[in-house]
Amino acid sequence: MEDIIQVENLTHTYGIGTPFERSAVKNMSLSVRRGELLGLIGHTGSGKSTLIQHLNGLLKPTSGRVLLDGRDIWAEPKKIRDVRFRVGLVFQYPEYQLFEETVYKDISFGPKNKGLTGDALDRRVRESARFAGLDEDKLGKSPFALSGGQKRRVAIAGVIAMEPEVLVLDEPGAGLDPRGREELLEHIRAYHTERGNTVVLVSHSMEEVARYADRIVVLSHGSTLMSGTPREVFARGSELTRAGLDVPQATRIAMELRKRGMDVDPAVYTVEELRDALLAMRKGGAR
Amino acid sequence: MSKIFQTDNLTYTYPGDEEMPPTVALDGVTLDIERGSFVVVLGHNGSGKSTLAKTFNAVLLPSGGTVYVDGMDTADEALLLEIRRRIGMVFQNPDNQIVANVVEEDVAFAPENLGVPTEEIRRRVDDALEAVGMTEFTLHAPHLLSGGQKQRIAIAGVLAMLPECIVLDEATAMLDPMGRREVLNVIEGLHREKNITVVLITHHMNEAQHADRVVVMNDGHLVMDGTPKAVFARARELRDIGLAVPDTVALLRELKAAGMDVPVDAITVGDCADAIVRAFSGSTSAAGQPKSR
Amino acid sequence: MLKDITLGQYFPGTTLAHRLDPRTKILAVVCYIVAIFNCHSAWAYGLMVLTLVVSARVSKVSAKALLRGLKPVLFIIAFTAVLNLFYTPGTTLWRWGVLNVTHEGVVMAASMIARIALLITGTFLLTYTTSPIQLTDGLENLMGPLKRLHAPVHELAMMMSIALRFIPTLIEETDKIMSAQKARGADFESGGLVQRAKALIPLLVPLFISAFRRADELATAMECRCYHGGEGRTKLHVLHYQTRDYAVLAFYLALAVGVIVLD
């Protein structure tokens, strides 16, 4: 698979020349492949929020480059706005950015800025509302009359409506209860499969990333710690815990079982996998 | 053991406005909480669990029924300050409960309000910061701290009132796993060492493993009440109301369904692994499974 | 970006300037401002600059940090200077069309620049070395006598300290909302005045809603921590004047009186 985004030796330093100077991202390199659902994981302070704001040109690298389709996004600084339509970024707690009188108008904000009008605009608004799991009858309502979870869907629809080639979501499930979280992520997965678009899912929940991502990049202290399929990454479970990251509970159980002398595959990361592994072992042992 | 909270047929209705009809958030909740216990209140968003917490220190007054705190009626305005001093509240958003610009000033806020003498405030602030492990941040600006640290400051801020009980109203919901662990460790320590009653409102099922009692709310009703083991044994019902059991319990249930002889109530990762190892060594002595330790 | 604004920012430290009683520092700044507006000769301005430089040195605040504070008011300074330069009557030095630069105008413009710059940097030195809480404590204490006239001194001080507490939070929030709207293609930088004002709606509406939500939650949190107004409140830090405070006060008072009398 070819790369749609390449980050090369990216460094970003905040507050240069003040007592608060600090590099949030240090010489970081990674790539996002076209059409994949990439999980980006790291604890608070790992630099993930800083990184993703470079992907659509909201932040400018202190040094290093970000390539979109092989072209440096800062090659023509005047056209940086175009990059923002191509790489859609949904911030953490995005419901706090809603401002329009109706849900419909709020979702239209992005595509309108892109220059869309009339039927094309209408189609996109309705389609993206559907992708985000919003019912038609919500479109005419005030976004402020909706529940927290629904507001968040409006905000996500507002970015999907720009039809970005890459959709980046920062902690889309944060603060939602288990059901709300699962429903939202299922919608994102459906969007990914139906559209075949690239999605970058930023999370600090290993369970979440393990369940949805094709590939995982782990960030730690401003640089890339490791990357690979979920299986490859969770096989290095003890390294992850040392870096202060949680591994999925299923992986933790497997790690504990290995400590107790059972020969379980350390790379399992879902309950179902671990169950199957254990049942297979039992069969093997009983035979 | 005496009761710290007693609610009797507690009802709370949020008044509506032009756009929203009134909503019943609590509908006939009768619940006693023992002094010195660690209770986790579970429920999905909108189940009424946060509303329940807010009636515990008279932030909300019952629309119907009663709430007694240490035998004091929360509806009695003369007792308001005393009730609030005894019941410390920690809320969800760390940024919206820190009042002051310097950590120690923030922790001092409640004792200052209570008119505690200056030397005594100093002592309480230092003790509270030590209890939450934030002594080195005494003179820091709170807005530069991490989410977990801010919540620990908020906990120190209520500790300085010398409360009987701390109620955490989804205080871990906005934190990352590390911050959540920090806060839970502090809370467990306070419960264990200072014998403070803890009421932890959450939708993170894993947090229930620390409790000696789990209360489940749904649609303004109290639907389950028991030990964590007893509550998680009702996995199907939990799923029906939008909650999930921890993966440990889920795995054990799956194994049992497939015919293995395992208990289904081991909640922590360690207990779960122990249970599985036991099942294996019991059923399969042949073929070297498991390997000897 | 917005994060670079240093308005009212406090740099923690333990220098003499940090340890002074906030009331001393407030009164000193008042004296300093009085002195500035009574300066006429170059030597007086020189003395003012010298005082500022020494005070900054004592507080360990870098010149860079001080000058950065001037950035937001640069426009006002330039505007006042230009007005004074061209519109002060007197001996003409240079004339081009309707523009008439006089000797008096040059002097006036220069002294205006000096006054505003000194005023701002002097005040910033106060906020750099005094935590907002100390500042409000100091103000509340200095205004204390007004309580007898039923002025809501405690309430005002509390409001001010909360406002100061939330400045960094709201700046961060503004930054975040701005970024989020930019990510949806919002353009805050181009277009005419009307267009730019309109472009601010997507920023201001969420900001206000969020500020109200925060205020609401904070009020609840404060009540939960037994806040019930200023009555019967005690303090963690009680203000005490010490010898160093009297010394510093005496110096600044002398400065103000000296400039008024001699210059």
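Some points to look at:
In order of appearance the chains are A, B and C, and numbering begins at 1 in each one.
Criterion: a residue touches a chain if its C-beta (ideal position, glycine included) is under 8 Å from a C-beta of that chain, and two chains touch if they have at least 3 such contacts.
Just so you know, these numbers come straight off a predicted model, no measurement behind them.
Centroid analysis (C-alpha atoms only) places C farthest from chain A.
The greatest number of inter-chain C-beta pairs in contact is found between A-B.
A straight line joining the Cα centres of chain A and chain B is 29 Å long. Between chain A and chain C, the centres computed from C-alpha atoms are 42 Å apart. Taking each chain's centre as the mean of its C-alpha atoms, chain B lies 43 Å from chain C. The touching residues of chain A, counted against chain C in their complex, run 14-15, 17-19, 53, 56, 58, 81, 84-85, 88-91, 94, 96-99, 109-110, 113-114, 144, 158-159, 162.
Listing the residues of chain B that touch chain A in their complex gives 19-20, 44-46, 92, 146-147, 173-174, 176-179, 203, 205-206, 242-244, 246-248, 250-251, 254-255, 258, 260, 269-270, 272-274, 276-277, 280, 283-284, 286-293. Residues 57, 59, 81, 84-85, 88-89, 91, 93, 95-102, 104-105, 108-118, 121-122, 125, 139-141, 143, 157-158, 161 of chain B are the ones touching chain C in the complex.
Within the complex, the chain A residues that touch chain B are 43-45, 142, 145, 147-149, 174-180, 204-205, 207, 244-246, 248-250, 252-253, 256-257, 259-263, 271-272, 274-275, 278-279, 281-282, 284-287.
Residue ranges of chain C in contact with chain A, taken from their complex: 3-4, 11, 64-65, 173, 176-177, 179-187, 201-202, 205-206, 209-210.
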